[in-house]
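First the structure, then my questions, so here it is.
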Amino acid sequence: MSGYLTGLIVLLALNTIAAYGVYLPMAAGQLNLGIAGFMAIGAYASAYLTNMCGWPALAAIAAGGGTAAILAFVVAMPILRTQGIYLSLATFALGQVICAILLNLEVVGGAAGYPVSTHIEAFTVVAVTVVVVLLVCLMSTTRVPIYLAAVKNDPLVADLLGLNVKALGVAALTAGATIAGVGGALYAHYFNYVEAQYFGVMLSTYTVLYVLLGGTQSVWGPLVGAAIFTIVPEALRSSSQWRYAIFALFIILFMALRPQGLITRGLTRRRTQAAVQGGTTAS
Amino acid sequence: AYGHERELVIGLSMARTGTFVSVANANEIAVDMAVDEINRAGGVNGSAIRLVKFDTAGDPKQSVLAVEQFARDNGALAIVGPFSSSEARVAFSAGERLGIVQMSMSSSAPGVAAPFKYAFRNTVDEGLVIEMVLKAMRAKNLSMGTAAIAYATDDAVSKAVGTTVLPEALIKVEVPVGGFVDFPYKAFDMSAQVSKLAQLKPDIVGVGAPPEAMINLAKEMKRQGVSARLFAGTTVGDPDLPVRFGDAGEGTIIGSPFYSDLNDAVRAFARSFATRAEAAKIGRTVPNQTDISSYDIVYLYAEAMKRAGVTGEPSKIAAERTAVRDELRKMKDYPALGGKITFRENGDAIKPIYVLEAKGGHWTLFDQRTAD
Amino acid sequence: MIAQQIVNGLMLGGVYVMVAVAFTLAIGVLNFLNFSIPGIFMVAGMVSWAALKSGQHWLLAFGFALMASAVVGVAVYFLTYRPSSDSDPEVPLVSSLGFLVLLENLIVLWLGSDQQSYPAIIADFNFRAGSIIVGGAQLLSLALSLAFVIALSLSLRFTNLGRQVRAIAESRRTASILGVNVGSVVPRVFVLSALFTGAGGILFAISYLQVSSSMGESIGFKGISAMIIGGMGNIWGAVAGGLLIGLVEILSTQFLGADFVNIGVYGLLLALLIIKPEGLFGMAVAREKF
Amino acid sequence: MSGLILDIEQMSACYGRVEALIGVSLQVAHGEIVTVVGANGAGKSTLLHSILGMVSPANGRITFAGADITRWPIHRRIDTGLVLVPEGRRILVSMTIEENLLLGAHMRQDKTAVRREIDGIYDRFPNLAQRRNHDASCLSGGEQQMLALGRAMLAKPQLLMMDEPSLGLSPLFVSKLFELIREYNREGLSVLLIEQNTANALRIAHRATVLELGRVALEGNAAAIAGSARLQEAYLGGAAREVTEIDHKRKSAGRRS
Amino acid sequence: MSMLLSMQNLSKAFGGLEVVRELSFDVPERTATALIGPNGAGKTTVFNLISGVYPVTSGSIRFRGSDIVNLPSRYRIKRGIARSFQNIRLIPRLSVIDNLLIGQHVTLTRPFDVMRPFRLVRDHEWICAAKAELSAFGLGQYADEPVGLLPYGIRKRVDLIRATLSSPSVLMLDEPAAGLNASETRELHSHLDTLKERGVTLLVIEHDMQFIRSVCEKIVVLNFGCKIAEGSFDQVRTDEQVREAYLGAEQAA
């Protein structure tokens, strides 16, 4: 396969993984603006394990996800005391703090960044991504997504129906962070270099954009969103300097015309969304 | 296009959009210029050079994509770029796996090329530059009783300059360091730092920062009435800096691998660059250090390819890429436009340093030195 | 020196206040976390710079800049706020982020990504009291913020228009059933907020004698933090939060080093959100939408 | 006819492909109480929303107080005295009770009269007076209904449209409410009333219209309709079950087409 | 007759406002008890106290003899206390079945059940159970409809079925007949009869006196948070205080 295409597929895989990291918490109503922080944790932890402890890449990548998960689990309780926009901003602040700390952590290179000694091939990145996507798909056939929808929609009722709202929230945040951590670890091992500056707010923001563009109602939304985000700017490559402006305009118009995202439950079930929403407002 | 039968492909990894656009957007012009000149003069080994370009927008991920494409799809023999240190770190690692030479025109973070055999940088080590600057200042008897150091903490180059390069260089010229102030890379408010400097009362302030932060520092010093001479290395290399200082920052001294008024050849380059830049409407007509560096990289490649006798035949591509690398490593004092270039073991260039002083809205040549 | 640093902190805080108040106006009044605000801030700075550079009188330049801000504000209304009535609450937030990206890219295309020097309109616009230097432009922006905030909080509480705006904030549909002309009140709020933001951008440029296509970003994020620390939707809180962040930033630079600024500021934000989500001066978190 | 305050001719409205109103005509004379009854989903609320302009009718004509208001924006209709007490009350819970009332009068300039009327409302509903400076979120269902009614009256309606005002109210309060409507009506207010509580609605109304699947099934004198067999069939009788099923099928069909 | 649920001196204050005051009443097992009273009397608040939405200010709530006031709200449905809401609170975007699956949650026994990819199994028992319940009340055809699309009356009953799927021993219904037309009310009535036959105890808030009379054996009347009367429909109807505060002269007649 051509080098360009391979490279593009890797980018797509990385973007997709990050998108699923945002998608899971979002299904529970948490807009995580600090996902890049969890990616950074995964990246740095796995890099440290390969560099300093000589772990094999795959084990280190898994451990990267695990580290992000542990961190998420620890912070979840306090962070989930907040809701809605406050939660988003709390995750945003968390992401900033994580970055600022990593930037000053000299054991992992500080501001100079941290090289990673082991390289993984494009195939590995794609394979891990496929596994993650399949796992999320599998999860979508369990009770979890409807429970998350309940927690998102009406936490009080969810609680009165016996769901453990807090635990579901923690689980969603942690699962998202785990996926993001794995994504960060893949990034570190494919590019063999991590720097804290890369995992800034803008990365989190763009990842949220993928998900909303694709739509949050279906498991395929994040995949489609990530694909658009990877491919459209490439397609606009010929218009060179205009491409990011055009792309931003595209996002705005898209959101204005199709706020529910590209892939909707209605679409997957061959139902028109308008009817669903109409019914909702009629209540 | 020039009547050659075969083509030698060179990749250009450029940051035409994105964060570095204002510094990097003219690199393409300089590279085009060099390629045209070489082809017009008969090419290399009877073959024309063909450029393939890839805009990375300064994004490390995209720079790897560029390397993959150049090496695997375009059959490039070498790559001009990538631009920044962030890109270089990941792109160099990819280039190493693919066995293709890359040479950055701008990356100056310490030791970025060192771990790699195929990685080069046509930039000079900050430590050398700053040492030259200080030696020049001492030689001209500037008042330098005590020094202070101001640097950006969240950028690898700036931080290294501030925490190691400047202190070591100041020790060498026996100037005591009164204290440090630091700020974020994109700082706009320097009031706290300058109030602290006001307390330290230094004669000179060594700066490890991008031009913007240095301008902000100079302006705030003026506002708070703190007078001290600023000096810095190549991190602030910008032909327009004296203008951008406005009435602050007069007398600032920097070291640079490029001085636009150096000699006829450079002036001719600047003129023809200006013509092309005007036509391309990029909003700038004066070349900067990364432009001339990009220009020189093409000539360095041409020379290395000539010496290695590359043919551009697809079957021999891997060997020829390695041959280009080996020739570059062997090269001694290649007479490039910016001065004589030799590559050190760590892949960075050794070349002349021009010590410049900001005077009345221009850079003036303060001194000229060569390391080693 | 510590006195000077406190003054420095308050002056820096003054800049954050402008942005924090603009955010508060959008979130408290329209329930909309409007991420295009940093973009408008930047547009005003850049446009006034471009006009000054092309030789316009400064009054005219500021006029252009404010006009541009208002136009962007209206565009944001039409393209992000208005279409989003029935959608997920994240959607307007995200498309306003799209606006930020768009504005930055357009300005880069037009005026480049360089940081530009802003001409000093008054040669030395500083006041000196003993050894302490106070920036005139910053003082002005602080005064302007305060005046605006007073006017705003009074009118929201006690005027008809204020009640209409608050009704819209809670439910656009109900407001329209009550005969509130949503289609004209909301754009007015957007324009007001954009003008205020634009004024902030201009005052920033005058204070710091610099503009750039990315000048909105970090100030924007600090502004949001200031707004939250003060209590989302609480206009006075935004003032206090802005000043507090300015102080924390300057003092942590002074005593801990620049490395700790972000840890300090965002750590403070995080801690506060967890301990007291409604902010220092916040009202109850009751009915926030997004 | 100058005696009409509201005249709707052949109005249709749809949500996407679902037709909610089909060629509905309806008149309200000055000083009249007209009630519209019909099964769930018959289109009653849609009718009021179309009159107010929240749903733009696909075709037809609405004349109010002599003016053709078909294309007017909502706020203009309300300014001229066409006021809705919406289904589900729609109280603004983040504002105090007093502010909710003031908001009802937001387009009025006569401050002193507004003040007097607000005090009048407090006299009538002591529950509201007690809590005037509390957030409206604390009100119980019935109290909210009082507030919604008071708020609507402050807009000085010529025609008051009420969408199921008795929903969730105690029997005592229901009779109070209907008494109140009657009283306002005697003072000259025209009322268009939608009710599930048909018995009560038909008792106070002068005329009635029965909607069925978005069409007018029957109209006439309220007392006569109260005894009508057709009404029993369309609305109260065993047929109602099929009505919802048909309604449901119609929607599915609408989606499929 | 044993008392399934009993309140003892229950009080609830919001800020300074006492909304429920020293309220004591019992809900006998396998019967339907009505809670009526003027608007704002505190009926919904009592439900909220029983289901644990609010903590009580003082007093106790005994369920099968044990005090549950300190039991976290989500465990109460596991004990067998389920409720519906005054305003329907279903998830409009999900289908009827999905909404019901949430109601089914407390009947799951194994911890792994939540993660079981049951949709991969054709006609999984959970779906069958939910569908069976739906069909039992004649709503089988709506199984896959998004709830938001359904008529009000149907949604109300879906809400009810969701509550019954948790196999409750007591079901609290907050104004189940509000907004329903006569025939829908009849259907609701027979729905409740079925539940009663199954042995479910009902606690109903309702303003429709006809409905109350035909469904409930026992009535508790609240006013200003206090119990003003208790007894059978006929006892309560003739109570002077009840007439004055709640029914009005006309209705009582």
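We just call them A, B, C, D and E in the order they show up, numbering each chain from 1.
Rule of thumb we're sticking to: a residue touches a chain if its C-beta (ideal position, glycine included) is under 8 Å from a C-beta of that chain, and two chains touch if they have at least 3 such contacts.
None of these values were measured; they are calculated from a predicted model.
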item: Path length in the contact graph (subunit C to subunit E, fewest steps); value: 2
item: Most distant chain from subunit D by Cα centroid; value: B
item: Reference subunit E; chain at largest CA-centroid distance; value: B
item: Subunit B and subunit C: spacing of chain centres that average the CA atoms, whole Å; value: 37
item: Length of the line joining the C-alpha centres of subunit D and subunit E, rounded to whole Å; value: 29
item: For subunit B paired with subunit D, centre-to-centre distance based on mean C-alpha positions, whole Å; value: 75
item: Whole-Å separation of chain centres (CA-atom averages), subunit C against subunit D; value: 43
item: Touching two or more other chains - residue numbers and ranges from subunit A; value: 103-104, 241, 244, 271, 275, 277-278, 282
item: Where subunit E touches two or more other chains, by residue; value: 149-150, 152
item: Subunit C residues counted as touching two or more neighbouring chains; value: 259, 262
item: Residue numbers on subunit D that touch subunit C, as the complex places them; value: 52, 54, 73-75, 77-79, 83-84, 86, 90, 92-95, 99, 102-104, 106-107, 135, 137, 151, 155
item: Subunit B - residues contacting subunit A, complex; value: 16-18, 21, 55, 57, 60-61, 64-65, 67-73, 86, 89-90, 93-94, 97-98, 109-110, 115, 153-156, 159-160
item: Residue numbers on subunit C that touch subunit A, as the complex places them; value: 27, 33, 79-80, 83-84, 86-95, 97-99, 101-102, 105-106, 109, 221, 224-225, 228, 232, 259-260, 262-263, 266-267, 269-270, 273-274, 277, 285, 288-290
item: Contact set on subunit A toward subunit E in their complex; value: 138-144, 146-147, 149-150, 153-154, 156-165, 217, 265, 271, 275-280, 282-283
item: Complex interface listing, subunit C residues touching subunit D; value: 160, 163-164, 166-167, 169-171, 173-174, 176-181, 183, 286-287
